[in-house]
Amino acid sequence: MTGHPHPPPRASLIAVIVACGLIGLPLLGLALRAPWPTILDQISRPEVLSALWLSIECSLAATALSFAIGLPLAVWMASETSRWNNVVRALVLLPMVLPPVVGGLALLLAFGRNGVFGQYLDAWFGIALPFSTAGVIVAETWVALPFFVLTAESGLRASDTRAADAAATLGAKPWRILTTITLPMIAPSLQAASILAWARALGEFGATITFAGNLESTTRTMPLAVYTALETSPEAAITLSFVLIAIAAAVLFVLRKRWFPTGRTAR
Amino acid sequence: MTGHPHPPPRASLIAVIVACGLIGLPLLGLALRAPWPTILDQISRPEVLSALWLSIECSLAATALSFAIGLPLAVWMASETSRWNNVVRALVLLPMVLPPVVGGLALLLAFGRNGVFGQYLDAWFGIALPFSTAGVIVAETWVALPFFVLTAESGLRASDTRAADAAATLGAKPWRILTTITLPMIAPSLQAASILAWARALGEFGATITFAGNLESTTRTMPLAVYTALETSPEAAITLSFVLIAIAAAVLFVLRKRWFPTGRTAR
Amino acid sequence: MKLDASIGLRRGALRIDAHLLAGAGETVALVGPNGAGKTSCLHALAGLVRLEHGNVRLGMRLFDDGSAANFIPPEERRLGVVFQDHRLFPAMSVLDNVAYGPRSRGIDKRIARATAQEWLERVGITKRDEKPVALSGGEAARVALARALAYEPDMLLLDEPLAAVDASARVTLESVLRSHLANFEGPRLLVAHDIGDAIALADRLIVLEAGCVIQSGTADELARRPLSNYVADLAGVNRFVGHCQGSIVTIGNAELTVVSPIDGDVVVTLHPRAVSLFPERPTGSPRNVFELRVLHIESLHDRHRVQLTGSLPLVAEVTTASVEALRLHEGRTIFAAIKATELVVSPH
Amino acid sequence: MKLDASIGLRRGALRIDAHLLAGAGETVALVGPNGAGKTSCLHALAGLVRLEHGNVRLGMRLFDDGSAANFIPPEERRLGVVFQDHRLFPAMSVLDNVAYGPRSRGIDKRIARATAQEWLERVGITKRDEKPVALSGGEAARVALARALAYEPDMLLLDEPLAAVDASARVTLESVLRSHLANFEGPRLLVAHDIGDAIALADRLIVLEAGCVIQSGTADELARRPLSNYVADLAGVNRFVGHCQGSIVTIGNAELTVVSPIDGDVVVTLHPRAVSLFPERPTGSPRNVFELRVLHIESLHDRHRVQLTGSLPLVAEVTTASVEALRLHEGRTIFAAIKATELVVSPH
Amino acid sequence: SHDDGSLLIFAAASLQGPFRELAESFAKATGASTPKIHVAGTPQLVLQIREGASVDVFASADTVQMQRVVDFGRVHGDTIVFAKNKLVIVTRPGNPLGIRSLEDLSRDGLRVLLCGPDVPAGRYAREALAKASITVTSVSDEPSVRSVAHKVALGEADAGIVYATDAKALGKRIEHVAIDPRWDVTATYVAANTDGDLGASFVRFLESKDAERILMHHGFETP
């Protein structure tokens, strides 16, 4: 970074306090009710461990899928070469506004055993997504993809295309320009996009339970386990939530150095 | 924009097709089941109209709140002047991974009538958030804020600080630099952040029903109405979902020109 | 391989309509005032902006003729472009920036880096692992040049490659360019606003003004008969447009006596060295004497350029000794004499 | 108000330790090779990089002494900075870019815009509503200058303000700067790599090399006794370091006879005009004759600079006529003669 | 009670249909303003009550959950059983696999869907299966009878066990098969006054003839 670190305006501290209050107080409330002494017992229960593992596995898979599908999609949308991209953008955003349960229902209608598309999956390949781990991944991807796409696209739109022009004159084909020039430049956006998609997938509940069902060690991710626990013991649910929170915080902490380096990227 | 429009790599079309399939097929499935002839009757029912109106109102209010709190927060986080910002970032992200129902529970624990903080709200100001429209807004903001903050922060991190340096030498104080130089430069990120937050708020269900309840014309937003309808008539639920989708698509369409101008921003 | 381009396009309010020719191995300098469209022409040749009409040909290849079907994208043109704003890749090390072109051509990473290293050494850059943000302005310019040359292009398009480069390095870079140019088959187009750079490197100058080619030729040809005030400024000569009747040229309020009588509108050019300055009105032979006021004195290395204003705005070049002898200073009134034989008159 | 700065900081591998002085109303040119730290010094003065040690004072005000407590942020320094890379505000119109400084000072929007409009006219920019992306390189440089001047700063810091500006506009801008400078109380620091710009605008030159001030003085002083090869290059003179015994100076393999005998290590400088070239070994008086090979011929306006290589690397300046008469071309062997009286010898 | 003085009633999601009508009918009968009804999953309602929701009447789909509210000390007076619901087997329209009884659910390869054991409907279904000594593995522990019904209707599962009321609400999209009365387990809906007198009047209303008619119309049985 050339130049001096611009101090944030003083007033921003107010926002920090309000936000910490808004978000921190409820978490504090949860923390106060959590039966801490039993938390270790809870965590070591095999069904909790399996839910945890499934959550991590599926959310990472969904993030990877969102990346793989969302990135080229964002590139296509940002390049404005077709007048279809406004239509596609609207389409991609719709899963965000749909209540997850309806999303799950929609997935069933499309990819269920008798679904528009699912019947062929079943008949031709013998693949049934509902009640399977693959179904969890599909549901989470459906929910997470829009977040990835929109964030990545905004990064691409804000990015400076002059270096890309220079790369083109040096013989780089679009694909090479993308991977060597554009993506490194929008790395912060891609990181944010991945985190958003991952967090959304990790916390996904409605679409998963509707589409993939709630089967221990196959489709019961942590949020489903939390929900199930809520039926009988809110305390257990809170404990499980904290496990989820701890996992998320740990992952963010580990990635902190890599994803949020100390200086801003500068040109 | 200097330079020629870089065509997206051909391969990106595959992603477009996959994404359209993944997202479009379920919507198609829904559309096939929707009782289209009755849709007008549905929409004109007063309780649907009130849910629609409430949804729009609350989601916009939540977006505005997310903007007002999230933007200064993002600025503070991106400026790296404190080593607390990693902690704050992790905190802000946690609502994303928490299943919304647990989020609602957490909000109840904090801002409910017996909540850590809510008891004072009630005792001192006579404000009770649960089962009130304000509660819906709080719940939606809680859920939407992290999406806003993370997207805005990524935009800030990717932004070039050289123009900000120049502004400082011209006597601009941090606040003026922010509003006149930095924010216009990261406009695409802010737009994406707002859309994400808005969409998330519009589709919010779990936290709202848990924290604010499901009361017609006070807290029953469209997703809650969809949930309620699902209990008795899936057709009605699908119709309502389409109303929600239509509203979102309409808003995006209206904003299309302003928010997604035809050229990329260039320096 | 020769470049034959007729460039027709619009940039904001500017309409560019320029015909550029450069032979195989020839170096052509594109000069012109700011905003004349030099960079835009270069970008059109590179394929970064599209033609509206006209066409661009390099050797046998048609690059663009305004139609989408015949447009060859930049990555297939094989040109070495140095951008006015450098445009280094911010996320890559300096070495990888220079190795980028060879890598695009499919050259093995190790070899590409070795080539890049050589080019960096040639342009005098030792920072190879730093990111471009850690380069000074002149260092960035050199890396940009190295990057374009390392690509081994068919044509070089250099937009002010030496504008940010210091005096010593300029000599080195000029010799790098020259030695490279010596065994280079393709044409080179060099944008320069500094006539020194243009003369040092180019065989021929093309002057672009407001999107149109005004004049083209060697520096001497330009100085001898500048077709516009800009060219005169560039070549450092005086230029007036007037009307000639017999041997008297009327320029505004002033009258000049010339040797060879022509009738009609004429352009008169005059080298600043042909203007002599006197403290008093000289009594000898020169008939063209004007009483003028000193507007500004600019010191060159060993001479001074004196800008004069009055009935005939003139630039005179005098030695440092005469500046002292005449006690020249801004605002002083002085007599300027011009020998009729030094005036070059041509029909307008 | 005078500037008194002693700048100590590190930039990557470069350690800067420079003392810069500029009196009230004085214009100082900071010259030096690429990567010498000129821009870094300017940024330190502007408060964009912090000092590690040393201090910066303008008039009575202490801007920075390396401690956080005494650091005055850039927005409170009131300086007019022109950046080497312009740094216009991309999202704002050209007019608003220039009006930004006045607006920061709380001036009413209408008045600020009127002021901006005036400054734009002065620098010759007519595009006022366009975004900076629609400007050419030279136009952007002028807007950057207008923006710094419109702020009415206490000190001007100009980083290569004329590097991208064309020949005609350069004259205009120089006069804008000069007329502005005339009734300006504060000091100005001008970074330039072109000695022409530096001489045209500055009262005094400070030469920075590798972060250290090597020499300071007027252009003449620098040319008379260049303290480094860079300064010699800049001033366009030959410079050698050698050992003198009696009246013989040994420089590598070559020996030069000088007039005034000194003993010890010496620096010898010599103007290129004092070198005469002969096709055959001259038989007359000059004792310092060297058989050299022509490395390169550079044409200046009316003269040529001939770079020679051999036992003594020399630069000679000859008229165009002699280039032709001697049939000079690269690679030709020639005899160069130096009059002992033209050699300036000083102890090292 | 709610801000504007009207009653606030918490009702289990499956009670949503009749309670709208019950509220209107109650208003007509007593002249009070129409009570507001908040429907959500019973566990959510219990949480909300625990966290201080100012609710007048709580109508639970389950005695266990009601007991927890009683334990919080929020119940004034007695809890009353105001409705019952039978379990039925649901299949796809036309009953293609010919499922006639609980025993048929244990057939090999049959995909049966039940609610989770922690959900009342799931618990009841398992009780019924246990009574009949039939072992059935559910493909998934569904969160609600509604989602069981939907999935059977969509053909994701071949059969499921839901409440009679849900089967009725889905109408022709689903076929239902009664369970042999021997094995039948009946769900009981309980309500309690959790606030002042107005709440008590609504609880009393639930036992009225009007209420009985409305509940029966929605497929419930009355005690």
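Think of it as A, B, C, D and E in the order they're written, each chain with its own count starting at 1.
The working rule: a contact is a pair of C-beta atoms (placed from the backbone, for glycine too) under 8 Å apart; a residue touches a chain by one contact, two chains touch by 3 or more.
Owing to the predicted nature of the structure, the values given are computational and were not obtained by experimental measurement.
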Hopping only between chains that touch, the fewest steps from subunit B to subunit E number 1
Partner chains that subunit A and subunit E have in common
B
Indicate whether more than half of the residue numbers at the subunit A-subunit B interface occur in both copies; give same if so and different if not.
same
Using only Cα atoms, superpose subunit C on subunit D and state the rotation angle in degrees, rounded to the nearest 5.
180
Chain pair with the most contact pairs?
A-B
Taking each chain's centre as the mean of its CA atoms, subunit D sits from subunit E at a distance in Å of 88
With centres defined as the mean C-alpha position, give me the subunit C-subunit D separation in Å.
21
Whole-Å distance, subunit A centre to subunit B centre, using C-alpha means?
15
Rounded to a whole Å, what is the gap between the Cα centroids of subunit A and subunit D?
55
I need the residues of subunit A touching at least two other chains; which ones are they?
1-4, 105, 108-109, 162, 165, 168, 173, 185, 187, 227, 230, 234, 265-267
Per-residue overlap in subunit E, given as positions that touch at least 2 other chains:
44, 47, 150
Of all residues in subunit C, the ones touching two or more other chains
47-48, 73-74, 85
Note which residues of subunit C are touching subunit A in the complex, please.
46-48, 73-81, 83, 85, 87-92, 100-101, 104-105, 132-133, 147, 151
Footprint of subunit E on subunit A - complex, ascending:
105, 108-109, 112-114, 130-131, 209-210, 213-216, 219-220, 227-232, 234
Going by the contact rule at the top, pick out the subunit C residues touching subunit D in the complex.
11-13, 32-36, 38-39, 84-85, 127, 130, 134-139, 141-142, 159-160, 163-169, 171, 174-175, 178, 193-196, 199-200, 219, 223, 229-230, 233-236, 273, 296, 298-302
Which residues, counting only subunit E, touch subunit A once they are in their complex?
43-44, 47, 50, 116, 118-119, 139-143, 147, 150-151, 154-156
For the subunit E and subunit B complex, residues of the former touching the latter:
2-3, 8, 13-14, 16-17, 36-40, 44, 47-48, 51-54, 146, 150, 153, 169-170, 173
